[in-house]
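What follows are several structures.
One chain, subunit A, links the two complexes that follow: it is found with subunit B in the first and with subunit C in the second.
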Partner chain A sequence: MSWVGRSAARREDPRLLTGNGRFVDDIRLPRMLHAQFVRSTIAHGTVTGVDLSGTLAVPGVVAAFTAGDLAVDDITAVLDRPLSEFVPTAMPVLARDRVRFVGEPIAIVLAEDPYSVEDGLEAVRVTYEAGMPVLSEEQALAPGAPLVHAAAAGNTLVDVSMFATEGIDDIFAAAHRVVYVRSRTGRQNAVPLETRGAVASWDPRAEQLLVQTCTQVPHQVRTVLAECLGLGERAVRVVVPDMGGGFGQKCVVGREEIAVGAAALRLRRPVKWIEDRRDALTASFLAREQRYDVRAAFDAGGRILALDADVVCDMGAYSCYPFTAGIEPLMASAELPGVYRVPAYRVRGRAVTTNKAPSAPYRGVSRPQIVMVMERVFERAARELGLDPVEIRRRNLITEFPYAGINDVTYDPGSYLESLNLCEQMIREEGWYERQEQAAAEGRFLGIGYSCFSERTGYGSGAFAKRKMAVVPGFDLAEITMDLTGGVTVTTGTMSHGQSHETTLAQIVADRLGLDLAQIKIHQGDTDRITYGFGTFASRSATIGGSAVARAATKLADRLLRLGAYLLETDDVELHDGHVRRRDDHGRALRYRDLAGIAYLKANLLPKDAEPGLTASASFDVHGDGTFSNAAHGAVVELHPGTGRVEFLRYVCVEDCGVAINPQVVEGQCRGGIAQGIAGALFEEVTYDAQGEPSCASFIDYKVPTANEIPDIEIRHLETPCAFTESGAKGAGEGGTIGAPAAVLNAVNDALRPTGVELDDTPIRPETVQRAIGANA
Partner chain B sequence: MTEKLLISLTVNGERHDDLVVESRHTLVDVLRHRLGLTGTHAGCEHGVCGACTVLLDGAPARACLIFAAQAEGQEIRTVESLAGGGEMNDLQRAFSAHHALQCGFCTPGFLMLAEGFLTERPDATRAEIRELVSASLCRCTGYQTIVDAIEDCARGRRREVGEVR
Partner chain C sequence: MKPAPFTYHRARDVAGAVSLLTELGEDAKYIAGGQSLVAMMNFRLARPAHLVDLGGLRGELAYIRDDGGVLRLGALTTHHQVENAPLGPGFAVLRDAMGWIGHLPIRTRGTVGGSLAHGEATAEWCLLAVLLGAEVVVQGTAGVRRVPAEELFLSFFTTALEPEEMIVEVVFPRPAPHAALTEFAQRRGDYAIVAAAVDLEAERVVLGGVAPVPLRVPEAEAVLARGGTFAECAAAAAAAIDPPADGSGGADYRRALTRTLLVRACEAAMRR
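Right, the complex of A and B next:
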């Protein structure tokens, strides 16, 4: 029986369950200093003075540095696009004179212990000349608005117009019906439960700066450290310990990571920085604040004829590295048509800069919004045309593959229609439509909502090059070595932070080599151990990383076979259960450890052309458009007029991520993703006061949902294997988050049907629900 | 400027005498950074996330809200105490079997929360367990499998004491 497809027990679990995980804050080095940052208390303005003298007098404080003291280069993320489409802006590691958001780091304070650092921070005196903050997309785009970056006229960092199918205006003019959706989504924080953090130390023996940091992208952190600090890449080593989640917030390079590196170099003492929750909520990387203005033309039969969209993403104060402020608008613009056959399309996507903490990718990147917007388009069209909301989707879904989309994307096979049908069938067969009727008769507000979507995963260099990124992520590498005891160590450029790669990648290897999981060690997150890698984001690890690992394992298998054939004096050999054996005589077999013994310790017995040792390496990239996972979600909610609460009565998800390497892990990704999608739909929003002070500095104000708010979720699997990943897997990390907001919003709107109110924005606040019901009660 | 205290703490049955701490040092910091028991995590340091949950005289408590000095004289238990002789206990095994952890950062807190609760309430219903789980935050799992794991463990413990439900 193969390992792929089995819910194998996680290799990560024993250490994490017994308190033996090692997270970045668990690292303790001799003579280690503790760092925190002096952060701007104003949203926009000029720093006129930083007085650190009081700080330096605080017992325990060892040093404090401003930008001038550290003198490191800025972090600059760029796109290969003309200035008319993209304006590059530099993010200084520590602010020099201008500050652009509350929480922006101005100075770093270092002390012997974490408590003294806090004392030191209190003694800092910073004076400012405050300017007018720009706090919303409207303010940013208003004529004469103050500029967040002098180089970015109109506060616009990205402005791209794409596709513009010929004759699209005529289609709208002649259409039977034009449907409008204007939608906004709130600013969110990915909230990994472990905040960001790093320990930097200079290793004089290795002549290397070692930075142990919780990042999804170790090699990119190394690259920026080397650039900013003026070191050769070989003089920087980034090592990632266990990570307490990331969800995108840790897939960009943080300025704090560079600052602690600079401080450790300067002081020649280890420096630890652990972000506190307040900074994590207000001053790290945020996401998701977007506005859509969408028109869609329909014929009388409910078929979509054209789609025209204007998308504005509020990316906050800076472009993140390596993705830039283009990450959200470019994703939204490229992918909006989604799972539907849209014959004509035009989109303008913009990123504006404001005086708020900058944005990074967050699980799903723009796709929670575009799915929500498209699903609203179809729901609205169904209402206006008097069609069933599921039926109108059926009439428009892509059903033939590969499908060449109007958005210049080719969709590989998926089960769009099948997943929607199964999802609706589950809800129907459980009697929810009858219960809805009954509830309506009792004056209760019960609603059923769906979302149907696909998610591009396995973005290779082909897809990222289309985005015109200057840094083109895409490929990944894997190296595999068999040791003398016949087990293997596999090194990958991907970086698990909860996704179970130590288990799932091992399952892929186990099948290729006929080994047990216990004989396979997956090594990740060490830039000295693998040439390069792009880490873990964009649901790329099972697809790209997994394929690289599979290819490396296959190469090693070939070497074992060749060596075995030579030693067993036949051409006809096979791998079986840790042996190479003759096909014609199973009794004549060599254990892997015997082969390894020869490969390493008796190289004199090897064939002349064979290299000693048992190592192989491989790479994998996707040159086409990636592979699309898909799913349909069904939510049943009841609205409570008194409290405005949205209560889940049922949540089902039919997902298709191709071959599920480990179904239990896939389900975990789905459920966790859906929980984050529900969080965005109903609870979480980073808000600011009129001065740009963030209003949520703790978990009291930023409402991460608990087990009381997140329902049990039933998951069904369909399987449309990917034709070009080695295991047939498609990415599974983000789908839950992508599909949930649309399903929830549609369900709430369905429940509100008797009121005539339709909502298009998230989060859906209790007051909004109360008002909608109250106004019509 | 900050007062230094000489305290002794009993953690996982082991007594640590002559600990010099400041009065403001929290229990979670002393456990993690003085005693090296880094299994207990800090996710917020303001009492909401529950990652720092330990048992004080058997009852779950948030170690970020307690000063180390306040825990003197109490029996402190951390996640490191659950496995005996290198074997995970039934609760830990249930968490693994149900995939109740992904990144594992919240996990020690949930384990101690459940351990304390199940000692008092092995007969808890699923709804009661869900209510318990709602005391802490997990960003990865969506909670369902944590509830499953605790429910399964409770069922097993009841079976052990011969009460079949």
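Right, the complex of A and C next:
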């Protein structure tokens, strides 16, 4: 039986569940200093003075540096686009003169212990000349608005108009019906349980700056460290220990990581920075604040004829590296049509800059929003045309593959219709429609909502190049080495921040080499151990990283076969359970350790053309448009008129991520993702007061839902294997988050039907629901 | 999120604790369960120079005594102890209300005395004390005084306690077999947006989250006294209050919650 497809127990669990994991904060080095940052208390203005003298007098404080003291280069993320489409803006490691959000780092303070550092922070005197903050997309785009970056006129960092199908205006003019959706989604924080952090130390023997940090992208952190600090890449080593989540917030390079590296270099002492929860909630990377103005033309049969969208993403104060502020608007613009056959499409996507903490990718990147918007479009069209909401989707779903979309993307095969049908069938057979009728008769508010979507995963260099990124992520590398005891060590450029790579990648290898999981060690997150890699984001690890690993394992298998054939004096050999054996005579077999013994210790016995040792390496990239996972979600909710509470009665998810390497891991990804999607739909929002002071500095105000609020989730699997990844897997990391907000919003709207109120924004607050029912029922 | 420097002291007995705090002056604070104080210290919203730990008095002050219809709780009794105490029907309202306080780990450390001294306007203990007409027994330098709960809460996190005064006991003078507390927050365990408590026999109505202190609502109590319906009682309460607006909800929303929750509380109290 093959390992792929089996819910093998997670190899990382024994250490993590017994408290034997090692996270950044567990690292303690001799003479280590603790760092924290003096952060701006105003949202927008100029720093007129930073007085560190009081700080340096605080017992325990060893040093404190401003931008001028550290003198490191800025972090600048760019797109290969003309200035009319993209304005590059530098993000200084420490603010130089301008500050652009509350929480922006201005100086770094270093002390002997984490307590003295904070005493030191209190003693810093910063003077400002405050300017008018720009706090919303409307304020940013208003004529004459103050500029967040002098170079970015109209506070616009990205402005692209795409696709504009010829004749689209005529289609709208002639359409049977035009449906409008205006939607806003709140600013969110990905909230990894483990906040950001780094320990930097100079190793004089290796002549290397070692930065141990919890990042999803170790090589990109190395590159930026080298650039900003003026070091050769070989003089920087980034190592990632266990990670407690990232969700995208850690797939960009943080300025604090660079500052910590600079301080360690300068002081020649190890420096640790652990972001505290207040900073994590207010001054880290945020995401998801977007506004959509969409209209869609329909014929009388409910078929969509054209889609016209204006998307504005509030990206906060800076472009993140390497993705830039284009991450959200470019994703939204390219993917909006989603799973539907949209014949004509036009979109304008913009990124505006505001005086709020900057944005980074967050699980799903714009797709939770575009799916929500498209699903609202179809729900509204169904209402206006008097059609069933599931039926109207059926009429518009892509069913023939490969499908060349109007958005210049080719969709590989998926189960769009099948997943929706199964999802609806589950809800129907459980009697929820009857229960809804009964509830309505009793004056209760019960609603059923669906979402239907696909999710591009395995973005290779082809897809990222289309986006015109200057740094084009895409390929990944893998290396595999068999040791003398016949086991293997695999090195990958991807980086697990909790997704079980040590298990799933090992399953891929186990099948190709006929090894048990226990004989396979997966190594990740060390820039000295693998040439390059793009880490983990965009559901790329199983698809791209996994394929590179599979190829390396296959190459090693070939070497074993060739060596075995030579030693067994036949051409007809196979790998079986840690042996190479003759096909015609299973009794004549060599154990891997025998082969390794020869490859390493008796190279004199190798064939003349064979190299000693047993290693192989491989790469994998996707040159086309990637591969699309898909799913349908169904939610049943009841609204409580007296409190506005949204109670889940049922949540089902039918997902198709191709071959599920480890179904249990896939389900874990789905559940966690759905929880984050529900969080965005109903609970979480980063808000600011009129001065730009964030109003959620703790979990009292930033309402991450707990297990109490998240319902049981039933997951069913369909399997449409990917034709071009080695294991047939598609990405599974983000789908849950993508599908949940739309399903929840639709279910709430379905329940609100008797009131006539329709909601298009998230998060949906209990107050909003209570008001809708109270005023209209 | 690390506290400012402080000196730690451990009290051996009540008298010692009070005299220590008096001696150390205004910059000193008692610490009981630490579930409110430590968070405030970590945010540096509170920065006592001295902490006097009451943990050593647990043997003396963590008790639940039912003296024939008068219930006495030692100040260091934890929420969790009350939650699991064999309280009869007369005080079941206290036990049942404990489930609303935060989460289990918080309840195993947080104390009755700490809650009352902290004086959060939606805290269950503050509401319950007012609802049941409790007396808070306080030890100061001049000796012991008894403060009626209704006179304890002055404003946001502000009580009638002198800095060195220590709560040693709370006395619930009468059983309340037909009383209940209920509340609403978006997440289980959060401080309530609105909390409503009622004692049908005493004809008392107390609300949390609608004023700077736990609020008795005479207008709603009058409805109960004249035998009005629960809905009328709740409507009277909603009309009488002038609730604040914040990120958790506006004034109208809090009024709507008051209507809903007070009816629920009345029905629950009735069912007992």
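Everything that follows uses one rule, which is that the second predicted complex is superposed on the first by the 777 of 777 C-alpha atoms of A that agree within 3 Å, B and C clash if a C-alpha of one lies under 4 Å from a C-alpha of the other, contacts with A are read in each partner's own complex, and residues count from 1 in each chain.
Note that in this section contacts are C-beta pairs under 8 Å (C-beta built on N, C-alpha and C of every residue); 3 or more make two chains touch, one makes a residue touch a chain.
Please read these numbers as outputs of a predicted model, since none were measured by experiment.
Enquirer: Pick one for A:I700: touches subunit B only (first), subunit C only (second), both, or neither.
Expert: In the superposed model, A:I700 contacts both subunit B and subunit C.
Enquirer: Who does A:N708 touch here: subunit B (first), subunit C (second), both, or neither?
Expert: Both: A:N708 reaches subunit B and subunit C.
Enquirer: Check the residue A:R771 against both partner chains and state whether it touches subunit B (first), subunit C (second), both, or neither.
Expert: Touch partner of A:R771: subunit C, not subunit B.
Enquirer: Can A:P114 be said to touch subunit B (first), subunit C (second), both, or neither?
Expert: both
Enquirer: Mind working out whether A:Q499 is in touch with subunit B, subunit C, both or neither, as first, second, both or neither?
Expert: So A:Q499 only meets subunit B here.
Enquirer: Quick one: is A:E726 in contact with subunit B, with subunit C, with both, or with neither? Answer first, second, both or neither.
Expert: In the superposed model, A:E726 contacts neither subunit B nor subunit C.
Enquirer: On the A-aligned overlay, A:E289 touches which partner chain: subunit B = first, subunit C = second, or both, or neither?
Expert: neither
Enquirer: Have a look and say if subunit B or subunit C is in touch with more residues of subunit A.
Expert: B
Enquirer: Taking the superposition on A as described, I'd like to know which of subunit B and subunit C A:T643 touches: first, second, both or neither.
Expert: In the superposition, A:T643 contacts subunit C only.
Enquirer: Go through the superposed model and pick first if A:G21 touches only subunit B, second if only subunit C, both, or neither.
Expert: The first partner, subunit B, only.
Enquirer: Same subunit A residues contacting subunit B and subunit C, which ones?
Expert: Residues 114-115, 119, 276-277, 698, 700, 706, 708, which sit in both footprints.
Enquirer: If you look only at subunit B, which of its residues touch subunit A in the complex?
Expert: 1-2, 22, 24-25, 29, 32-33, 36-46, 48-49, 51, 78-80, 82-83, 88, 92, 95-97, 99, 101-108, 111, 130-131, 133-147
Enquirer: Applying the document's contact rule, which stretches of subunit A touch subunit B when the two form their complex?
Expert: 7, 9-10, 12-14, 16-23, 25-26, 28, 59, 114-115, 119, 191-195, 242-245, 247, 276-277, 497-500, 664-665, 667-668, 671-676, 698-700, 704, 706-708, 710, 712-713
Enquirer: In the complex formed with subunit A, which residues of subunit C make contact?
Expert: Contacts found on subunit C: 1-5, 39, 43-44, 184, 186-191, 247, 249-250, 252-253, 256-257, 259-261, 263-264.
Enquirer: List the residues on subunit A that touch subunit C in their complex, please.
Expert: Interface residues on subunit A, with respect to subunit C: 114-115, 117-119, 122, 276-278, 642-645, 683, 687, 695-698, 700-701, 703, 705-706, 708-709, 765-767, 770-771, 774.
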